[in-house]
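In the two complexes below, chain A is the common chain; its partner is chain B in one and chain C in the other.
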Partner chain A sequence: MISYITRRMLVLPFVILGVLLIVFGMIQFLSVNQRLSTYISSPAELKNTDLEVLAEEYGLNDPIWTRFGRWISDVVQFNFGWSESAKMPTKKAFTTFFPVSLELAIWSALPIVLGGIWLGTLAAVNHNNVIDHIARLFAIVGWSLPSFVAGLLLLMVFYGGVVSWFPPGRLGFEAKQIVNSAQFVRYTHMNTIDAILNGNWFVFVNAVRHIILPAIVMSYVRWAMLLRIMRSSLLETLRKDYVQTARAKGQKEGVVIKKHARRNALIPVVTVAGIYIAFLINGLVVTETIFDWHGLGRWAVNAAQQFDTSSLMLFVLFNGVLLVFANLAVDIMYAYLDPRVTYD
Partner chain B sequence: MNYRWKNGLIFALSLTLIVSLVVVGLGQDEPEIQNPNTLTAVATGTANTLDPSYAYDTASGNIITNVYENLIRYPYGVVDGDEKKPGDYSVSKYEPMLASKVPSQENGLIRKTPDGGIIYEFPIREGVTFHNGNELTPEDVEYSLERTMIQDRSGGPSWMLLEPLTGYGSITSLVTTVAGVEEYSETTSADRTAAFKAFIDPAVEVKGQSVILKLNDPYPPLMNILAHSSYWSSVMDKQWVAEQGGWPGTAETWPEYHNPGGGSAAEESPLYDKANGTGPFKLDRWEPGQEAVFSRYEDYWREPAELESFVLQKTQEWGTRRLSLVNGEADIVYMPLQYIDQVQGAKGVTVQTGLPTIQMNPAAFFTQDVKTENNEYVGSGSWGDGIPSNFFNDVKVRKAFNYAFQYDAFIEQVLQGYGYKTNGPVPKNMQPYYNDELEMYSYDLDKAEELLKEAHDGELWAKGFEFTILYNSGNESRKTAADIFEANIEKLNDKFEINVRSVDWSTYLDMMVQEKTPLFLIGWIADFPDPHNFVTPFMASDGTFSGWQGQGMKELATEKYDPLIEEAMATVDEQERKEIYYELQRLAKEDAVDVWLPQAQGIRVMRNWVQNAPFNPMYSDSWSYVYPISKGYE
Partner chain C sequence: MKKKIKKLLTNPLSVIGLIIIFFYIGVAVAAPWIAPPENPGEPYKVPRDGWSSTPQPPGEGHIFGTTQGQYDIFYGVVWGTRTAFRVSLMVVGISAIIGVLIGTLAAFYGGAVDSVLMRVVDVFYSIPYLVAAMVLTTILGRSLTNALIALIVFGWMGYARLIRGNILSVKEEEYISAAQAVGATDFRIVFRHILPNSIFPVVVQASMNMGTIVITAATLSFLGVGAQEGYADWGQMISFARNWILGTQGDTLKFWYTVLIPGAAITTFCLSWNLIGDAFRDIMDPKMQGGGV
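The block that comes next holds the complex of A and B.
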């Protein structure tokens, strides 16, 4: 196992360098003027601008290797340049947006996994009866419902309707004032966690109120997949002999399902859920946009639309590392859950 | 109860709860003023910087306008949330702000010098303090204007002060000319210091409690360029800027503070994320791309603002912005015109329409001598299955396109009825310079047919043509305009074919710059409300847009338009200028250089508890100055 992990780790830098080169190279297929659009994102920015002078100033006319070399040498010095899409230094943009997406991912992970497992169990236990159908219908609606529709519907009900329990954004006005005051230490820049660490329950409740709807949307659109995997896996397990034995022993149905069948049925679910959660950290463009969370997903999309090379490259770098580690984690989890899998 | 049914019940109960909440949620409630002492405005722009000498985008301007002040300001009309009229405003009259008097020839503060120059004297108000407590001095005003001139970042706003005050469009061209070399990099530090002492320093001087601007030649829009809403002329605190690591104000050091970050990395300027002005609001916090929070400045030289604080927030998604408005959490939101039906008649929401705008956004530009090599948008490059390079060089073709546009349909479909027809390039609301004596082109396919039959000696009509109109993806109004051209031109002759295709913005920009788009659509919004700011990009031989309209346009401009554009700037006499601009507009129509598309009215959407919202078309988004606003019901 250790040697497997070591081998995977050794490959990591090459994989990432390859991905970086491909992305960088693709941007360079664009003409100089197209790449200038990074700096001129609207007609207003054309005013009093000499495009040729600008291209020269930003070094866009240099050969690709010069530019890639320049970028790499900057990165080695931990200088990621200026993010034209976020209008701030790229490093700062990343440290600003990452905790936002991470917090949302953390809060969505639990409902995704628990909700998926619960719905799957419910469907399997009530195999082919009304509850099974309703649960599956409920989940499949979520799967088919675009997250911007689900998000806006929830906002209309829980924010724009009679109740305004769950507003968009990350914090209300007063909570923001507290979070930004000198007394409040921002350890992680994740509001819920910082609120706990600061012992400020007003901020905590406020932050949770803001996170509930996006977390629900992110979970609801993913439940269908987990439900199906859980349902089929549990159905299979319930037909196993040892389950029959447990029933024959006179165990209560709840104990049979919860203790004997469900645990064994969990293996495939955990694998899928693990990858889901890794992807959540990437940020989710639509959910972030609807709920006005300024996270990684939105930034990456803006950067891509604007050919904002420095932001894109950092995002690619981050994604490469994240996915390599996520895959590795899943591989390791396989081996842990299923003794038949070995990597040596 | 057995396990199966217990879980089923929980599930059914939660479904019922959700459904009932949905039903309850569709009800209505009584509007009650939320956060009565805070104004929350929600828009979509990301501010680039807080440095007044660097900013050139409206999102930055929205912040700077509330924190910093200028020598003079435009009168604004005040509108209450439940009124519809824009109130009395002007973009050609001024009121004192940090200057205690508005200079004019009558009060002797604008006067000619013996050597033919012009002097503007601004007596500086006493007893004004910056947010850090420092007192405003005339030296601060001198420093601020000079700072904008020496900073002159690439693509920035500094040309607006450099042009009138030094006669040069950029500080680098000034220095290279003074030094007599080709490149700025060839100049020595002695050259640079000398250029500063010869041109920048004498242009703005302090005399007693006054600041004197000295122009060698008249520059009619100077007052516009200095007025509040021109962020580049904001007054900064010299001592404070130097303390932040900014330019100390000396002739020898200025090159170190020139073009910070090469014009693209705004953080290189020390004022990137700090602000200290004399305005009614102090900036408490700025998170780029998220929000800016302001609080009332209690020692303000006028009455302190009614509101205690002001939040300017960015929310990209219209649906979310709309909900914040309906919910009452947002007081003012930015709304794209196409959504107007969603807020018209909403409870507690006021929609003001018909506000005057000063823009030409968009217009349709013809490229004469369009480049045909490697250009898929002109077909084969010859008649029949393409267009020859000189397709639009024939004025008859250009006129025919002007007749083949359904202006009313554009107003209905794109502008939802909230638009007006106009002749360009001087905007309709820029009185007295807009030529309303000209008859506008109107939709007339018979005339278009007649013209196209005669054009290019009949070859066009006999052989037909095909070309592509591009628009940048996502810009639906440009697409609709292109579709209207397509539908009408194709109606005239079976051999005519126009394709409409979307490309991303970067390709669009590239194609325009390379003069490969036979017909392109783009728009201009005023830097300052003077016709010069419009005739230059639209008609000058080196204009931003006219410069992309090909060799044919260049020749027309050099011969006919450039001399008039210059002539209009050589006098400050309103009547004389008016006649020249009238003539330019007549020529624009006669030569049919562009198609002047209908323009959108200004619209603003706010809660009806917003009182005294100022209106002036030069304030971006038409509400961005918050000082007079209060919240409440009358």
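The block that comes next holds the complex of A and C.
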């Protein structure tokens, strides 16, 4: 086990190097002036200067390997220059937008895992009867419904339509004023958590009302996938001898399912759920755009629309590194959960 | 094999899927007659009826209504069907070919070739698909063609992994050793003996990806990095609806058609591929055989 983790850790730098190479390769499609923007820390620097002189100064015409080396050192120092779409340095933009996305990701992760497990159990226990068929149909339809369509429809009905319970944005006007006031301490910059820490229930309820729809949009596609995995895994476990034994000794069916079957069926689900949580960032791009959340995903979309490549590079690198570590964590978790798995 | 196809044609869900797909093929083929283009040279340009921004409800002249900027929704949906088929066939087809080539090389030669190619797969897998495609499309320049290129560049790895695993198990079969013993060339062994016996799961995977690729491409258009404004593409049509989620007093769901009509098109299109893929998978999965589970 320990040797496996060590070996995985040794491969890690190479995978990260590969990700860096891909991103650097993409940058090579840009013109010299476009690449120059990465080195500018504010628009004021560009006044009264010649772009060609600047390009020479920053060595943008150097051989590719020299540039790659210098780029790596910039990346290590988290130095990505000016973000035109956010109108601030990329480093500052990242720290501003990160808590917003993290909050949404946290609020989506729990429903994803619990909802998927619950639906999958429901389908497996009611195997081949109406509930099972409805659950599977829900899975296929959910998997086919694009999240941007679902998001817009939910907003139409629950904000602009029949009721206006769940508005877009992160906070209402009043709540925003409280949050920005001096009495309200912003520990984490995540509204729901800060509201609890400050003991302000008005802000908390308001923040939760704003987070429900985006969290649903982030979750439902993954419910569809987790349901399917949980269902087939549980069906397989339910036929195992030890489950029959538990039934034979007269255990109640609920206990058999919850204690004997479900725990063992959870192994593949946990690993897949781990990957999905890392992939939440994919969903953030769409969800934040629809619900007007000023987080990393919406920043990336704005950057893409305004050709703000320095921000995009930071975003894509962040994603790559995040996913590499998430994969590692999932593999380790898998080895830990299932002692039969050996990695030789 | 015949038995499996027969199963596919008797499973009610996959039959529904097939019917929907044939309906869309009909729409795509008949597009010039269902929605005649104003300018036959540019059929993918959605016609506009004025420049007013407020969408108009379904009615005379526009049976599905118009969306923001008076683009005709019916025309966009009909010609968008062609776009959807083009996107899915091209992206899935080309990525599958690239994936199969790389996976076959890795599995057949093994050793260092295998390790290097599979690490390359790992690296490409390390960037979330949508994010990678969005960034590459931006760098190449906003257009549908560039979006397709980006989707292919980051879309081949699944096929490579799948075919590699299948070949590794087929490679050990006796008929392969027999072919080697009689002196068949590597080329012949791969194309005559190994690929025909290991390609089927890749075909299933490809059919399941047809729907998801259309969603991903539409998402790029929705986010404003895919198809150009006014191009007949479902995601592009829906992106116009973003400003019209609020109705008016008394008619709160006034602009439902701007989301619901193109949204229904894309959802049913993906649904049909998923229904077929799902049936395929149940039929192919040996654990699911015998009707027990």
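FYI, the second predicted complex is superposed on the first by the 257 of 344 C-alpha atoms of A that agree within 3 Å, B and C clash if a C-alpha of one lies under 4 Å from a C-alpha of the other, contacts with A are read in each partner's own complex, and residues count from 1 in each chain.
Here is the rule we use: a contact is a pair of C-beta atoms (placed from the backbone, for glycine too) under 8 Å apart; a residue touches a chain by one contact, two chains touch by 3 or more.
Computed from a predicted model, the values in this text were never measured in an experiment.
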Partner chain(s) touched by A:L155 [first = chain B, second = chain C, both, neither]: both
Partner chain in contact with A:N264 - chain B first, chain C second, else both or neither: neither
Touching partner for A:Q251 - first (chain B), second (chain C), both, neither: neither
Which of chain B and chain C A:L30 touches, first, second, both or neither: both
Touched partner set for A:A304, first chain B, second chain C, both or neither: second
Partner chain(s) touched by A:H294 [first = chain B, second = chain C, both, neither]: first
Contacts of A:F279 with chain B and chain C, given as first, second, both or neither: second
Touched partner set for A:L54, first chain B, second chain C, both or neither: first
Which of chain B and chain C A:N198 touches, first, second, both or neither: neither
Contact residues common to both interfaces of chain A (with chain B and with chain C): 30, 148, 152-153, 155-157, 159-162, 289-290, 305, 307
Chain B-facing residues of chain A, complex: 30-31, 33-37, 39-41, 43-49, 51, 53-54, 57-58, 81-82, 84, 86-89, 96, 121-122, 125-126, 131, 134-135, 138, 148, 152-153, 155-164, 167-169, 173, 176-177, 180, 252-254, 257, 289-292, 294, 298, 305, 307
Chain C contact footprint on chain A (complex, rising order): 11, 14-15, 18-19, 21-22, 26-27, 29-30, 127, 140-141, 143-149, 152-153, 155-157, 159-162, 232, 235-236, 239, 279, 281-282, 285-286, 289-290, 300-301, 303-305, 307, 309, 312-313, 315-316, 319-320, 323-324, 327
Residue ranges of chain B in contact with chain A within the complex: 2-4, 7-8, 11-12, 15, 21-22, 24-29, 35, 38, 40, 46-49, 56-58, 154-157, 159, 169, 261-267, 285, 287-290, 293, 311, 313-317, 319-320, 322-324, 326-327, 329, 504-507, 509-510, 513-514, 522-525, 527, 537, 544
Contacting residues of chain C [partner chain A, same complex]: 119-120, 122-132, 134-140, 211, 215, 218-219, 222-225, 235, 238, 241-242, 245-247, 252-253, 255-256, 259-260, 263, 266-268, 270-271, 274-275, 278, 287, 293
